[in-house]
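Here's the structure we're looking at; comments come further down.
Each chain carries a letter (A, B, C and D) given by its place in the written order, and its residues are counted from 1.
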Amino acid sequence: MDHAPAASPARKPKKLRSDMGWSDPHSITVQGLDLCTDILGHLNLGDFAFLEIKGRRPDARESQVFNALLGTLVEHGMTPMVIAARLTYLGAPESLQGAVAAGILGMGTTFAGTAEGSARLLQEAIRPETTMEHLPALAEDIVARHRASRTAIPGIGHPLHKPIDPRTPVLFNLAEANGLSGRYVALMKLVAQAAERALGKPGQLPVNATGAIGALSSELDIPWRLCRGLAVIGRTIGIVGHLAEELRNPIGREVWERTEDESSEHNRT
Amino acid sequence: MDHAPAASPARKPKKLRSDMGWSDPHSITVQGLDLCTDILGHLNLGDFAFLEIKGRRPDARESQVFNALLGTLVEHGMTPMVIAARLTYLGAPESLQGAVAAGILGMGTTFAGTAEGSARLLQEAIRPETTMEHLPALAEDIVARHRASRTAIPGIGHPLHKPIDPRTPVLFNLAEANGLSGRYVALMKLVAQAAERALGKPGQLPVNATGAIGALSSELDIPWRLCRGLAVIGRTIGIVGHLAEELRNPIGREVWERTEDESSEHNRT
Amino acid sequence: MDHAPAASPARKPKKLRSDMGWSDPHSITVQGLDLCTDILGHLNLGDFAFLEIKGRRPDARESQVFNALLGTLVEHGMTPMVIAARLTYLGAPESLQGAVAAGILGMGTTFAGTAEGSARLLQEAIRPETTMEHLPALAEDIVARHRASRTAIPGIGHPLHKPIDPRTPVLFNLAEANGLSGRYVALMKLVAQAAERALGKPGQLPVNATGAIGALSSELDIPWRLCRGLAVIGRTIGIVGHLAEELRNPIGREVWERTEDESSEHNRT
Amino acid sequence: MDHAPAASPARKPKKLRSDMGWSDPHSITVQGLDLCTDILGHLNLGDFAFLEIKGRRPDARESQVFNALLGTLVEHGMTPMVIAARLTYLGAPESLQGAVAAGILGMGTTFAGTAEGSARLLQEAIRPETTMEHLPALAEDIVARHRASRTAIPGIGHPLHKPIDPRTPVLFNLAEANGLSGRYVALMKLVAQAAERALGKPGQLPVNATGAIGALSSELDIPWRLCRGLAVIGRTIGIVGHLAEELRNPIGREVWERTEDESSEHNRT
């Protein structure tokens, strides 16, 4: 049995409490705001996501940066996730929610882990008292630790986008223009530079989009454990987009038939 | 074996093609737009969802209506879906994507089916040649058919929000103000009135939020089969919000322990 | 808000109760049996599934039929479900449960609906008082109703397995040999014969494996709403088997790369 | 974009190949066996799972141990997973596969990680050349490493089942009686003894059921990465059992209503 350690007569019940939303016959309250008068028509979808996660509305600057951050995560072409979603839709077209769920289940360490990883790296390195002067030493230390344990540094380098990931300067410029480029962005850049020096690969290990997302999430004070949730929000939109295309021009059946035919070919000869 | 009907030597391969997104080393293209110069910093998250689903950017009016429509779907308080997500997070905190997936899997006929149902009702009733004059008769016919088959009409009535669902006038007013209140909105309103007359329940079967969403999706020319996808997008944001609260103030373990204790109590005495 | 209709001060709480399993420090009880002395080493996995679903151990005859029934559902080659599971595993190898979940989410109406459908057909037709003499007329009626509504009859015909589905006689013979071939099996056979006559397709619409499963589930008094659960049990084993092969000889990445390359090819020229 | 590192013109296609199953009009082959003549009526469900994972039929001794091992994983009472499944079923009763998927998504590190963890511990410690004489030193080393890194040793101790987990002697005796108790079982026992000595907790850290499962999986030469798959197989059966009970005596709605009411109570006063 999987036991709740406290599943005993002596267990003290804890009060259940949530402040996300509630309603009465005439109104709906979300995080203390009136859905009908304060939110609908006033907050765009990215602002609403900010409200849900942070418990308050974003200001105009946070809104622009957060919408861009989430936008980076929406559409990544024909990924394994969207192929899985299309194949699942083929089997259960009446349960579109299942196809979307199948798609987001592929957002594990291989694809979604790096934004989480870079946010964690930055949030564990920077303390309340950390100042800009401390950052170069922190960057050197991060690179040294990863070299010692022979692990990749999350957030730098990209197999295709060389010498730079074109999304990174856009995100960093938006942060800068909106007063949201602070210690986390600075440290992420310093880590990339230190890694290039340490590994003798000048211009080859720039901050990639997931590193930029990790840095911006940190500037917005979002815990690294929730970064994967931001990725899930973005990708859910992308998966629904792919299912809209699958409705118009299906490819799931063709991918299935080809794979089935070829993989069992050796049994037919 | 589950066989592709055409899994035979004679099967003609179909070309795989997608226009959602692709990239080269220096740029990323999404639906024909440059992600870095056209989208990030320009489109909010709701606009991006519109682009993904419709293949083009919304204009300012469509943007306002579509963001409000999605916003209606984000936060519905402590639903079975968010409780399931919180319980799943308790078991697999390292796989936040799994907790979100568990949450959206509850979006079946009970909760998400009615927006889909009302959109379907409207889209199957209105033909290209249908004019405003045809609508009253269509409404009467819809009500009569549902009475004959003793099925509920999707999109009208609400167990709590009486006499009106406060979200409906907000959404319909936004549609009106933005020139997006046409035949579908008109038919939805007429169906509610016809149902109240036919069932002798004046003022008791107003258009509810899911009816409004079905009507607005139809005005935006979104196929009813995708309406559940809009709900999934909204709820995914809400589920991530609940997981953010679960991180700060967990209730999953308490719900589990109470349920386990009480449900097996009769075996302990 | 998604409201529980009874979410009001006047709501009467219902006692939570379950008889599936519970434990104390020294023993674990499952459905009234002692896990350690009555089950482990005594019941095989199919018998345990029977116990879970029916609340009692199968006898030797039920055991043989039920294990065969579940066995029919385990391995169907390279289906869309197992391809989706393999693609999901590529993205989240640390969360094997997510890859299995993605696989079973494809078990909707397209693939898993027909066993459920044939069980429903039979269980809704046969009443406690129905005798063998009533069955031919019931079969004719079923065929006539499906022809009138132009819907396919679940459980008959197969795109590949012609003139017979080789699994059907095996399952029906096992049922016969074990005294479990009664009215449901008889009606399923009669439906196939009536359909062949009515459509003028002699020898072309035999009972397929899903029809046999629907009939045998009904003989075992399993509600049709649970038939999809039997399919999920079988396929889960098959999906884990495919993931075991994916660990030894991965194909997920190759399927992804080919699909991505070809589907965006037109953008590169 | 998530790029396949090799998604380039120079990519060499890899042949897709699977040996799990295939069919022709007259027969179905699973792992080289004929489904209709070799499997149905001959292999029980646990044996079929063995065939799927190992690529060959179990002998009688392996069959008994493997069926018991899987049986240990089926029913654990009212866990968070089955509550999540019941809540999901409430929202989407037409998609039972989604409710099962929601349930297994909770099988992460908290509950399913320890069988995997103990199997990994044993499989990484024991090399082909390791003999029984090496085991005591390996056990001491394992305990010392976990104490140094202040991490729990997977597979020992239990919050409820004290001083022993009643499942462990049953599984170990079955392994012994069937000639499958070798180095892995021996090392697991030695680890528990060494931990009790090192921590000064005699009789308090016995091998628990997950430790026994990790050891027996290793004796059966199943890679630790697949152990979570065994747990998923067992739990899927248990979840379907709970959904069968939910159909007869639903508790999902009551759990939802109570949780919703109490968690938003502070907003109503």
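Keep this in mind: contacts are C-beta pairs under 8 Å (C-beta built on N, C-alpha and C of every residue); 3 or more make two chains touch, one makes a residue touch a chain.
It should be emphasised that the depicted structure is a prediction, and the values quoted were computed from it without experimental measurement.
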item	value
Winner on C-beta contact pairs when C-D is weighed against B-C	C-D
Equivalent interface positions on chain A and chain B, same or different at half	same
Distance between chain centroids, defined by C-alpha means - chain A, chain C (Å)	36
Averaged-CA centre spacing for the pair chain D and chain C, given as whole angstrom	23
Rounded Å distance between chain B and chain C, as computed from the means of their C-alpha atoms	29
Multi-partner residues of chain B (each touching 2 or more other chains)	1, 3, 7, 16-19, 21-24, 28, 76-80, 92-95, 97-98, 101-102, 105-108, 111-112, 160, 251, 255-256, 259-260, 263-264
Sites on chain B touched by chain A in the complex	4, 6-7, 11, 13-14, 16-28, 30-31, 35-36, 39-41, 43-49, 51-54, 63-64, 67-68, 70-72, 74-78, 82, 93, 95-98, 100-102, 104-108, 112, 160-162, 166-167, 170-171, 174, 223, 225-226, 228-230, 232-233, 236-238, 240-245, 247, 249, 251, 253-258, 260-261
For the chain C and chain B complex, residues of the former touching the latter	1-3, 5, 7, 15-19, 22, 24, 29, 76-77, 79-80, 92, 94-95, 97-98, 101, 105, 111, 158-160, 259, 262-268
Parts of chain B lying in touch with chain D, wherever the complex brings them together	1, 3, 21-23, 28, 77-81, 83-84, 87-88, 90-95, 98-99, 101-102, 105-112, 251-252, 255-256, 259-260, 263-264
